[in-house]
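After this come two complexes, each holding chain A, first together with chain B and then together with chain C.
Up next is the complex of A and B:
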């Protein structure tokens, strides 16, 4: 474009956009491939699931009919559905609380200087690093009702007089999978909180000590308030991640002994009962539950 | 300007879409450009000799035809879910060698290649009518019978003898073997109780009461139901669960659990647990395919001489065992002809005899008449003869009716496993179990 044209059009922004607008537009063009890929790998499956949930859709049958809300009714009236919600709530909320509490305690420890701190950090990270299948196999072995190490220990300590079938009893099985879930999840929380702790200026602690503040006062007056935003985000994220957790429960019990969560139930509908339609309906129900937490997360992020 | 903008967006969109679809369809394009290679799914087996036998067959076949066989090995527990996922994604393997009747299960997808031509060439008379019938719907053969993993009631000879049983093998007027006092499921339960010594960690019956034991628990429940004359649907296709036969079978299963002859931990067993406990010497009787025999030695809790394979126990309706033969399913991919060539090669008498030379008569037992008639199988041990003698008592998950994809799916969907879970974990009585069965079966079969 010649200088004359530029001068001619300078008062007409629609015919000749500003340099900033042009830059923005170029930026948008560069973003298009990313947006397209995101649409395909994120939005498309979600939309596809929603469409599927309103149809009769099975992997073994090519006939697909529109059935309205029938799949949702069928999922909600399934005998396992209410229990799966209760289990998910327990698994997500209790699990998240314990992960954050343990993560917090260990992060406070790891934030201090002591001999062997690096080794301790590595060891504490192990549950997160070990492949899930390997660690779950080990836990299954420890919980085994015939030769598991827990039974042997409890028996030798005189706590039990017959072996306990940890993963084969209602209630107890959920506690066991919850324990394993917490064990696997605390390192991530620990790392997030540790990062938060390290961002607190040391001058604040030094000033508090000069003023004569004790350990508890420092913790409740400086550490905890400084970590408030990190903690709230950590708890929220932990709930979302734990809510979505699937592998521990499936590998340990396959949803047996009354341990089905919403995710394992959705998987069972889809891949065991081969009802993709019911699995999709269940997934949409899960999405609605998760949307609440995501909404809170978004609001918190915006506030900060 | 607007036109240029639209064109740019369209171009970028098209390129992105093309990239994604090009990546997604790489497998099928590879198949079409190289039909001289076939992907064959089969279960991974820890037995080196079995692996070697299959590898040698593939190598010989490639030398003869130039077609490369690419085995894709999958653990038994994951086989079904991986298959469903794969097929749903539109990725069909060229061939499957498995024992859960995938050809029947996926017949309605229209992608299973009929095997009538293969069977015609091999000779339909080489297989029992019942065996072919398991894989046939409306005269279309969806799977070719390959071999069978013979199942049997493995028991501790020493424990039973100590409990006063005479274990002499006898033959009835039909040529079927039996052992006096161990002929029925009731006898089996009684013997299980007698040989249980829970205080010392010895249990009479090693039956997985768990959905973790994919196939084992379901197979056991189905066998009991079939032997008691229970069935899921009648000849007209209506639900036929609430019958005196089903009630008697369920009552039997409840009594087995309450007898204390099965360890409480059986509610969490996986498919390998019962075998392992039997081999370790903790369990007196287990239903199993013939994988235990080869694992016993002087270092195991159960010594080779302690093992006796008992003829299948009977219920009021006879002695039936759920054991679908290992079959060959070919999918209608670009490599369908090459896959069928390999199927024919696998079914050759010479090929199968070579395989048995390598892997022995352990995990697999022959189904083809010419192979069974070979002198190689004349000199079998008593345990091996019992297994071979049970061949005509194996039934599919559609028994006693015609092959039905829905019943096959029911078998894979924890329907039978959960009967045991409800007994052991939830304490269900017969009425509650009937309710569970009716509700679940009606949802899965007719919804």
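Up next is the complex of A and C:
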């Protein structure tokens, strides 16, 4: 071996294979506790759910026969099933769209330096920080059909002439639930997009200004393209989170007035109807939908 | 700068602040309304003749909720508060310890399937909680932990652990490798380098992650709803729901309970939000 080659190899870690390998074994030890905990509290329950979905399984009954796809058939033929898919789609897509748009607008505002910026940021983050039960209770009170402030205000403005039961009417209830979901979800999008904005080098803006570019040109030619990868990830994450959300709808309508999504329907099967088997089948259906999203997410990441 | 430009800039600023204040008022109105109603006397709240401003400041609703008297005589609000603190702090703390180790490992060591494992952990965070609830409930019952705070402490790790691992991994990736390498050249062992060099540097990331999991845990609904029926073991996120009962609901009391339940998490956020911003900037989105 020539001297040159030895010198070249000096910084090559494979020169100490045993040491390197021992070092990496420490790394695996670090990982083991996390993997073990996640296997017990996440992987095991998922497998359990899948097994459950093929059996007759009720908390009140020890008879647990294998029933094949009967639970799935029962879930899919349930009258509320198609509506729950449509609602989930509306809720996830429209909700995510608005969350990202509002988040984007606010992030652009917050990306400027101005007096009182951190106060403004805290105030804009509040809808996300306040516990869901607290804020949903406030919204429920505001939507109240007897004394709610929305009814009072709309009446005073002359928009309505009788009090409206916002959460009791089909269509209208979904709009209300969607509104609250967006209100709760935009701060997270704002923070993510803001983080993305702050990673764009200021030199690019300065150069564009020197060239005489206007605000719109800068936005469409620099900001948006630089943000593309962050934005696509943000949108997908937002869709998945909105897709999974259960709290808002359950606390506002309990799935009534045609507002069931797949997750609230699964909860109703399991804990209201006490049919764990149907709830499990519904959960597996949700998981299949989610797998499609995750597949897209992974492909997206591989492209980058 | 010419006078015209100065004037233009001033107008621009005024327009900016005008819209900012307008937007904030609009978006924070529900929170304002919650506070306003909590300070209203019970006779004044069930009326259509309301004014938008705060017309009276009456703390009696807070007093009754906090002491469990009057309309809140079935409530054990202080117990809910303590329970929430125990569950959220213990599960967040447990998660961050495991996650710091795992995050460091995924960011620094090289072994097979490293990226696959990291990706898998992120996917776990995206799982709907619904699919885990029933199996976890049967598991909890089998272990004899139904109606015990331990059940929630364990179960809250299903979301706080994967999230913490992901955050800590991203955070460690932003820290320069050279520092620990230098320490190791100077005779530190790998573990020594981690303890003396990396942990102090990772502190902002740890604080950001705990803040985030605290907020997530504090407002979780589905698990306390499914695992706890014992009144004295309830968490604050669902505890005051029993006050709501149709037309008889004491709305000022409900709003007071809601404000009280939000107080700890808002305070935590106020003190630690600057870490949260930095933490998110370093790794919340980037893979």
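Criterion: the second predicted complex is superposed on the first by the 271 of 304 C-alpha atoms of A that agree within 3 Å, B and C clash if a C-alpha of one lies under 4 Å from a C-alpha of the other, contacts with A are read in each partner's own complex, and residues count from 1 in each chain.
As a convention for this text, a residue touches a chain if its C-beta (ideal position, glycine included) is under 8 Å from a C-beta of that chain, and two chains touch if they have at least 3 such contacts.
Source: prediction; values computed, not measured.
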*Consider chain A as the common anchor and indicate whether chain B and chain C clash or fit when overlaid.*
clash
*Which partner does A:224 contact after superposing on A: first (chain B), second (chain C), both, neither?*
neither
*Which superposed partner A:283 touches (first chain B, second chain C, both, neither)*: second
*Would you sort A:207 into first (chain B), second (chain C), both or neither based on which partner it touches?*
neither
*Who does A:37 touch here: chain B (first), chain C (second), both, or neither?*
both
*For A:159, select first, second, both or neither according to whether it touches chain B, chain C, the two together, or no partner.*
neither
*Classify the contacts of A:274 with the two partner chains as first (chain B alone), second (chain C alone), both, or neither.*
first
*asked:* So in the superposed three-chain picture, is A:73 touching just chain B, just chain C, both, or none of them (first/second/both/neither)?
replied: neither
*asked:* According to the stated criteria, A:175 is in contact with first (chain B), second (chain C), both, or neither; which is it?
replied: neither
*asked:* Tell me which partner touches more residues of chain A in the superposed arrangement, chain B or chain C.
replied: C
*Which partner does A:101 contact after superposing on A: first (chain B), second (chain C), both, neither?*
neither
*Tell me which stretch of chain B runs into chain C once the two are superposed: 218-226, 272-280 or 434-442.*
272-280
*List the residues of chain A that touch chain B in one complex and chain C in the other.*
33, 37, 140, 144, 146, 271, 276
*asked:* Which stretch or stretches of chain C touch chain A in the complex?
replied: 13, 16-17, 19-20, 23-24, 27-28, 30-31, 33-34, 37, 45-48, 50, 98-99, 101-102, 104-106, 108-111, 117, 119, 121, 123-124, 126-136, 138-139, 154-155, 157-158, 161-162, 165, 190-191, 215, 218-219, 221-222, 225-226, 236-238, 240-241, 244, 247, 251, 254-255, 258-259, 261-262, 265-266, 269-270, 273-274, 276-277, 280-281, 284-287
_Considering only the defined contacts, which chain A positions touch chain B in the complex?_
29, 32-33, 36-37, 40, 59-62, 74, 79, 140, 143-146, 163, 165-170, 253-258, 268, 271-274, 276
*State the interface residues of chain A toward chain C in the complex, per the touch definition above.*
23-24, 26-28, 30-31, 33-35, 37-38, 41-42, 44-46, 48-49, 52, 106, 109, 112, 114, 118, 120-135, 137-142, 144, 146-147, 149, 151-152, 155, 183, 191-192, 194-196, 198-199, 230, 233-234, 237, 240-241, 243-244, 246-247, 250-251, 263, 266-267, 270-271, 276, 279-280, 283-284, 286-287, 290, 294, 298, 301
*For chain B, which residues count as touching chain A in their complex?*
8-9, 12-13, 15-17, 20, 81, 84-85, 87-88, 105-106, 108-110, 201, 210-212, 263-268, 277, 282, 405, 409, 412-414, 421, 424-426, 439, 443-444, 447
